[in-house]
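Next up is a structure, given as structure tokens.
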Amino acid sequence: MEMKTTRLEAFSDGVLAIIITIMVLELKVPHAVELAALKPVLPVLLSYVLSFIYVGIYWNNHHHLFQATEQVSGRILWANLHLLFWLSLFPFTTAWMGENHLAAIPTAIYGFVLLMAAIAYLILERAIIAKQGRESFLALALGKDWKGKLSSALYVAAIPLAFINSWIASAFYVFAALLWLIPDPRIERKLEKREG
Amino acid sequence: MEMKTTRLEAFSDGVLAIIITIMVLELKVPHAVELAALKPVLPVLLSYVLSFIYVGIYWNNHHHLFQATEQVSGRILWANLHLLFWLSLFPFTTAWMGENHLAAIPTAIYGFVLLMAAIAYLILERAIIAKQGRESFLALALGKDWKGKLSSALYVAAIPLAFINSWIASAFYVFAALLWLIPDPRIERKLEKREG
Amino acid sequence: MEMKTTRLEAFSDGVLAIIITIMVLELKVPHAVELAALKPVLPVLLSYVLSFIYVGIYWNNHHHLFQATEQVSGRILWANLHLLFWLSLFPFTTAWMGENHLAAIPTAIYGFVLLMAAIAYLILERAIIAKQGRESFLALALGKDWKGKLSSALYVAAIPLAFINSWIASAFYVFAALLWLIPDPRIERKLEKREG
Amino acid sequence: MEMKTTRLEAFSDGVLAIIITIMVLELKVPHAVELAALKPVLPVLLSYVLSFIYVGIYWNNHHHLFQATEQVSGRILWANLHLLFWLSLFPFTTAWMGENHLAAIPTAIYGFVLLMAAIAYLILERAIIAKQGRESFLALALGKDWKGKLSSALYVAAIPLAFINSWIASAFYVFAALLWLIPDPRIERKLEKREG
């Protein structure tokens, strides 16, 4: 059944590779040739950087998650597609927020899609644990998953905050990304132990 | 010959990953920043969700189909490309139907492309069974394929219905998708038996 | 060194999957909802079908070629990228020809890019044979490669013909595609023999 | 842990395949059908060729680099994503430079992104060597990496040069590409020795 996981990973890699790359199409090539022509591109570029990092985080975590997964069920396949669906909306919300210099509604919607992706990731984790058993390697490695919970809490807080001060809301998104930038040491440590 | 199947699957995964992702490019970023600005995006988003689920269904079924396939012939390669061709028209028909709020002709054309993809899938199944023999594991697992036949019948019925009431036609498309949402238990059950 | 071939194939599959799929982006979604609205889409659709078949042919032949290849050299890597370059121009030439209803110059340029891709494929074959030796399985399987030569001759003839009658030139492109639609029996037969 | 490298390579292949292919979307299909209609396309085509070769070089070198890599760490994953980020800006800088016939600022920015990609590649090499040890096969194979240093020096020189004469700056980019066109013989030679 090894191949099953491989193909799910290959398909997810394909979708994530496209999401991360088509966001760059929103960087509209300016007609002018002065440095000032880059000024309207800058906020789009900054939200591109943030979303690039987010897709990178999801790819890294997805990689670690399936490193510890052996079998795939129908429920896991659909939980994975559900996650990819929310990630596929990143280019849209990134462009809307970037082109409007952090206006309240686009910034809140950006956080909403981040939140839905985080929830979809939790559902995927649960689906895998349901298949492998509560005493499985993965269930123990994930433990209480405080990172997943804390970042979800940050998105929930940032959505109403966007209407008061969208810069603070964005700072929350950046902070939640920083939380995840380091690949999950819980699984990595356990993997090393298992091999040792 | 194992590698042969692998490469056909990898190429199909690539094409399906791109189809599922470029549909999101049809979600045009609004210039306004009010919630109302999302209103024209909504029908496009809904038809995106429907088509995302359809591509997900095809990916899942394709995955199960080739899980049970060992060798690839020239006929299978072209039957697979034929299926990918019809699936590649999804972004076009999805956008046309979504942007025109279920107008009759775009809704009928949407169903026509669904029907052609369903027929192409049947041809692919037949090509694989022709290669593996009528007594093969796959031929027995698929059996009478009532799901494939019922969903094709739904598309055939929905096409003229679109001219009377396009909402009912769309309900048929949604219902046919629900039929398939659960990955094919016929093959899965047989696979488990074979291993057991 | 097996992995080397695998990665070159995976990268080529990715590029071919994208080329075959982004061509569909040229099918501009009409604003009207009558069947007549599809009329301007039709020639673009027809040239899309032709180019889809051509990319499918290249993918099939590429698949057969590397099925019979064991090692990859720097020269093969670049010969492969050179082929992908010409194939990557298909979406451009397809759209230009399709949108202008087979006008002379776009039809001639379409043939020129087909010709360059055919030459690039021959160079790739030579690079692989140079690596594997003139007495190798592949060299014997390809033999005189009359198909490659005949289709190249058809493109050479079609380019000036486009200025006289672009419909005849297009018929040449269709005929050359039909030549190739059947996967290369030379290699397939030899592969079967080797296994037998 | 073999699979880990495989998945990083597959994801990178996906991103590079998309970067190399979406650049072609900047070749806007002309409305006219005369040969003269291709004239404004020509500079975009030329910068496409240059960037295609650059992405090809990065793919080749990336291929060789991971051929000699056995394990992947969190640091390597992020160093790789950092490289992909700068490469993902190629379509933007290529189009800006191409559409403005080598105007000073776009030409300088093009060089800046080339420089950042070169630095990101060096960081990736360092991350891999840090994981494998200074006495590892890769560390010895790369040696002093004069090519990496010389091409970086060329980009640094070309950026201010773009403001004096953008043709000379572009000549520097072409020359740096030529340096790399031949796949890294250092690693290839050592690989052959190790096998011998």
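Note that the chains are named A, B, C and D in the order they appear, and that numbering of residues resets to 1 at the start of each chain.
One rule holds for everything that comes next: contacts are C-beta pairs under 8 Å (C-beta built on N, C-alpha and C of every residue); 3 or more make two chains touch, one makes a residue touch a chain.
Since the structure is predicted, the reported quantities are computational estimates derived from the model, not experimental observations.
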| item | value |
| --- | --- |
| Most widely separated chain from chain C, with each centre as the mean of CA atoms | A |
| Fitted rotation between chain A and its twin chain D in degrees, CA, nearest 5 | 90 |
| Whole-Å gap between the CA centroids of chain C and chain D | 26 |
| Length of the line joining the C-alpha centres of chain B and chain D, rounded to whole Å | 37 |
| Residues within chain C bordering two or more other chains | 10, 14, 17-18, 22, 25 |
| Chain C partner contacts - residues on chain D that touch it in the complex | 9-10, 13-14, 16-18, 20-22, 24-25, 27, 29-31, 33-35, 37-38, 49, 52, 56, 59-60, 63, 67, 181-183, 188 |
| Of all residues in chain A, those that touch chain B in their complex | 3-4, 7-8, 10-11, 14-15, 17-19, 22, 25-26, 74, 77-78, 81, 84-85, 88-89, 91-92, 95-96, 99-100, 103-106, 109 |
